[in-house]
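Have a look at these structures, which come just after this line.
One chain, chain A, links the two complexes that follow: it is found with chain B in the first and with chain C in the second.
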Partner chain A sequence: MARPAPGGRLRAIQIAGGVVLLFLCAAPYLLGTYFRVFVTEMLIWGLFAMAFDIIYGYTGMLSFGQSTFFGAGAYAVGLTLVHAGSGVWLALGAALLVSLVLAAVIGYFAVKVSGHYFVIITVVFSLVFFRLTLQYKAVTGGDDGLSFQIPALNVGPLALSFYNPVVNYYFVFAVVLLSFLVCFLVMQSPWGRIFVSIRENEHRARLIGYNVERYKLLAFMLSGLFAGVAGALYALTFRYSNAALLHWTVSGQGVLWAIVGGAGTLVGPFLGTGLMVSFTDYIGFWFENYQILVGAVIILMVIVAPRGILGVLMGEGGKGGTSGGR
Partner chain B sequence: MTPEAQFILFGLNGLVWGLIIALIALGLSLVFGLIEIINIAHGDLFMLGAVLAWYMIQWTGNFWVALAAAPLAVGLLGMLIERGVLRPIEHKPIITILATFGLSLIFQQSVLATFGGAPQRIEEPIGGLIPLVGTFYPVYRVFVAGCALVALAGLWLLLYKTRYGMWMRAVRQDREMAVALGIASDQVYMLTFGLGAALAALGGVLAAPVTSLEFQMGLDVLPTAFIVVIIGGLGSLQGTLVAAVLLGVLEGLANVFVTPTTARIFSLLFMAVVLLVRPQGIFGKRP
Partner chain C sequence: MDKDLESTSRRDFLKVSGAAAIATAGWISPRAAKGATSAPIIIGHQCDLTGGISSWGYWHDKAAKAAVEEINKAGGIAGREVKLVTEDDETNPTVGARKFRRLIQFHSADFVIGSVHSGVNIASTPVAKELRTVYIPQGMAAEMTEDKGNRYVFRVGSDTYSQAAAGAPWVSANIGKKWTFIFADYAWGWSHFNEHKKVIEQVGGQVLADIPVPQGSKDFIPYLAKVPAETTELYSIFFGADSVAYFTQSKQLGFDKRMARYTMLCTHESISPKDIQGASEGIYLLEYLPRQLKYKDTPHNRKLRSLVHIDPVDGREEGGNRVVASSHYWAVWESVWLIKAGIEKSGWKSKKDTPDWIRAVEGMELKESFAHPQGDKVVRAQDHKAVIDFWMSRVENGEINVKFKIPKEEVAKKFPPRVDLTKETF
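Moving on to the complex of A and B:
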């Protein structure tokens, strides 16, 4: 959300963002194997958190159901590769299609209710699909999950192997960057403005004459689509998918990252994911039950800085901000 | 065992489980109805009740001490949570969901760190079997049902026959008016949250001997409690009770025919339909 911030701070944040972007462009050559995988994973989860932020930060609907689309994307890739024996492009297409259609169907029902009921119904739907995934173990592998081989990616005359970590990294980076740009354009467009108007005052948006349900559904589908893309990237990177990816607590992670980073922005979720994943990884080394600290951080964040780290950096960390106020 | 006997036993198990769920769901409903917040950690308060009972039994060897003390301890914890976490964020709905999500992580991981990841069991404090339809039924389960009913009756008395209950209902109906009339709404919030937590913990202690204890046992209970609260109708305590027993018995009977997972999928879908068609619940009044 473009909110006037003190010019110097905004400039500093932009410069920092540019430096991070340059670093990400060269990351595979700067980092060892461990951190290369680490950054790849961060990008994927960052995309997932950003996808969540479309529905929450921009449109004002708290969904705990985005893990369904993440799982759907991952399973679409896995199952297409296992059963259709086709290439990566087709698997990616399947992931896009499946997550979009699923988001359309679930969203069609979910946007009919709002407030607490919306939160609950998204949890209900995600539990239904989680249980179904467990139930049809023969297809999905259930708890044990599904492992698969990734064939070479054909780009023109090149055949790129995902088993090459550099290729894997740049593919993930390119897709995440592209998704980010698409979301950026959408949020600058009238659609994005209407999403924000629904968040700020749904009643007024309706009175102005917008079909609020239609735009909510649109936001839900966009969010589901990019969550599905993140899931597909996860499947391509780890060559694995399991039922646990669909559990609503995975959505909870996305919710957490987006809000810690700064909801209502596209950069915030990436920032939140990067910091939280690094934080948990770091303290995970010496403290087995680091999730206790994660819980404490969440509580501290919502009390001290409900607008997230980006909000604090922009000098809007105080209470009573729009996103934090709901 | 004859099919009829199996049917009756599964139905009875469902009934007992439904009454336990009713306790947990009523705790949720009290809080949801009064403060309008979704408490993601409610399932973990149930878990804490059970785990604390396990510890107390290790120390004292006495289930009855645990039955009294664990809900009390968790109730106090609930009051602390309201005071220390929820009040500073002024019970803002979405922020509260996140805060309770954080609490849920803290509770689960603390239990994992101390209690361990391996499931534990508590022995049934009352042994013995009652002969029933050509087979036997554990006395303890009958006791659980009775205990839950007594607690529910106590809750009803508290809400409708005491001054505190009247305050609670008043704050719930119209907070500003209640405050204007001199009701200390802050205290009512704190006590209500504590009461809700204690009910969840009581459910946990009662359920402990008939299930296995582990740090994630609340994860499954939370959606069930929500299903019951929604189907029964928000704020309708009778509705919550009826819905809990109905859901318990139906899922219990369904276990005769289909897998528990399938039964759960059907109740989830049923809840989705209720949410869409009749969001005020089957027994609730129009808001």
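Moving on to the complex of A and C:
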């Protein structure tokens, strides 16, 4: 398990976290139009990376299939709005349901294997759903994607428009914050402890009487659910969905962001997403083959700071593996 | 004082807050206020510099830079300097839509010239309306200036609708009436199929089969095996590496002997017939500006070719191996000049005048000139599509030779507007 961070460092991180939270609360009034959308997008991708980290950082299963749930959430919103002519709340409900059911079905098969086999099965499921999305072009728009209009969001007597970037930002921020709090409570609960015990020693967890497959499935479903929520927020923000969102390379991005930020934590994936998305957005303008630089940064991170940036900040840079539930 | 807080060293705090500062660097930087009439006019270019169509994107980038340089050398537009900002969309719709937004909201682009990837265009057109910015995409899918388009979207080049109207009647009458389509499985490929099918059925032809092929397929044999034996005309539409794979494998399987092969120049874009060892020999293709200078040897076309440094026969870049995207790069060049013409006609000064620019360009007639070397054309008011000349060509002895020109008046007969965007409010 991770060495506890010295009190001073921990407190410094807590203060910095508080500053960031305050900044996020006021962001729409501090930022220009582009960065308002940019931070909104980072929150969405951060939620996606955090969802991945439930399955990887906490439970020890490396999945490249979380993009399936992200894409499912995005398409559930788009298709419900286009074909059912529903409101935003129903579209969000559909996204939650679809991603949860899909995660239960895929997870049922995937958690029966572990190690490399688990990685492969998640990639295969991801490719199957990606191909299906391409195939049923008349419904999904395939490679070209699906553009749609978002109706006003009814909250009591208020009808809020997603076309107002401030409304869009606060809605995304609220959902991400709520998702973070739910995940935090789950990870502090006995379920979270059991996830970590499976990651640390699956055999021992089994010997002391836990139904390991059931808890793995639970972690997989939780991860899929929040990846689906991120996908739904993406669709509401950009009014667009595309088959490419289901491709396993999207999962790969979540993996990288979580590892760079600090796997096995809920904050690390947000930190990694923020840094990497800012880095690529800035560097991409100056250097078209920026992915070479991204690759170099990741190699460097894995060698120098295997616990990610959060690990470095907490003085655990040299320790290998994931850092336990925080 | 809290003991933990007391023990928080300044170094610890700076380390943590430093990470946050790096992540947010530049976000809150003050920006120069725009809108003053002396400020540069900013043209954004959403360009496919990397990814599947990067071999075309290279020339689009070059054409846009050359146009802006020429305009600035001549005093800019309405006395204002023109600034070009280019963002790479990675030939990816999701990235493309984000870069489109970035061009407008971060770089403050007044106008945006778009990608040649129809998927990127379709993802970006709703954002153009949302951000009230003129968008001139280079992709060919007809929908962008029809049911998936809006009043902010304009064309200077061709689209699948005009291409079908230009080429399909002659091919059906003179080469074969039993068509099979093999095409890239995304908006552009489907748009080619749907538009051609309509024209072929109008002129008494028959579509035997449609065979969509996923992008990036290396092995075409399973798809070519589905081509019905009675096909007289095999229509293909691909780009880049997929084109080379199609030409090579259809030739290896003897399709060039059993039926005529027909395509748009797009499938041969940035590829010299000489570089694929005769795999495309004998194929008919529709050009939107001949690759060989001798078929459009005008002072304006010669000048444009000299600015991008290409040879007169293969369109190969001087001192290199790249082959010009001959049927597309000119449209990027002309898009920059269209922006200029619209500003000068409407008196546009800032983004708030964009509706005036749109009204000025709707129905604008563009005369063949240095600004419009491809030829005379009209930007139709109703659907914002350009009515242009085409050329029917054939690959012979490793060169793309024009057989005859199809004048825009002929094209227009089978290319009436299907929407009226002028009714849309701003």
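One rule holds for everything that comes next: the second predicted complex is superposed on the first by the 315 of 326 C-alpha atoms of A that agree within 3 Å, B and C clash if a C-alpha of one lies under 4 Å from a C-alpha of the other, contacts with A are read in each partner's own complex, and residues count from 1 in each chain.
Keep in mind that, in the parts below, a contact is a pair of C-beta atoms (placed from the backbone, for glycine too) under 8 Å apart; a residue touches a chain by one contact, two chains touch by 3 or more.
Note that the coordinates shown come from a computational prediction; the quantities given were computed from them, not determined experimentally.
Colleague: Considering only touches as defined above, state whether A:16 meets chain B (first), chain C (second), both or neither.
Modeller: After superposition on chain A, A:16 lies in contact with chain C alone.
Colleague: After lining up the shared chain so the two structures overlap, which partner does A:271 touch, if you call chain B first and chain C second: first, second, both or neither?
Modeller: second
Colleague: Is A:255 contacted by the first partner chain B, the second partner chain C, both or neither?
Modeller: The first partner, chain B, only.
Colleague: Applying the document's definition of touch, where does A:288 land relative to chain B and chain C: first, second, both, or neither?
Modeller: both
Colleague: Thinking of the overlay built on chain A, is A:163 touched by chain B (first), by chain C (second), by both, or by neither?
Modeller: In the superposition, A:163 contacts chain C only.
Colleague: Of the partners chain B and chain C, which touch A:134 in the superposed model: first, second, both, neither?
Modeller: both
Colleague: Answer with first, second, both or neither: which of chain B and chain C does A:303 touch in the superposed model?
Modeller: After superposing on A, A:303 lies in contact with chain B but is clear of chain C.
Colleague: Under the contact rule defined above, give the chain A residues that sit at the interface with chain B and also at the interface with chain C.
Modeller: Touching chain B in the first complex and chain C in the second, residues 134, 288-289 of chain A appear in both lists.
Colleague: For the complex, give me every residue of chain C touching chain A.
Modeller: Interface residues on the chain C side: 2-5, 7-9, 12-13, 15-17, 19-20, 22-28, 31, 49-50, 87-88, 92-94, 97-98, 101-102, 105-106, 118-119, 122-123, 125-126, 130, 141, 148, 185-187, 190, 214-215.
Colleague: Flag every residue of chain A that touches chain B in the complex, lowest number first.
Modeller: 62, 109, 112-113, 115-117, 119-121, 123-125, 127-128, 131-132, 134-135, 249, 252, 255-256, 259, 288-292, 294-299, 302-303, 306, 324-326
Colleague: Can you tell me which positions in chain B touch chain A when the two form their complex?
Modeller: 32, 36, 38, 85, 88-89, 92-95, 97-99, 101-106, 108-110, 112-113, 219, 223, 226-227, 230, 259, 261-262, 264-265, 268-269, 271-272, 275-276, 279
Colleague: Applying the document's contact rule, which stretches of chain A touch chain C when the two form their complex?
Modeller: 6-13, 15-16, 19-20, 23, 30-35, 37-39, 41, 134, 137, 142-145, 147, 163, 238-240, 242, 244-245, 271, 274-275, 278, 281-282, 284-285, 288-289, 309, 313
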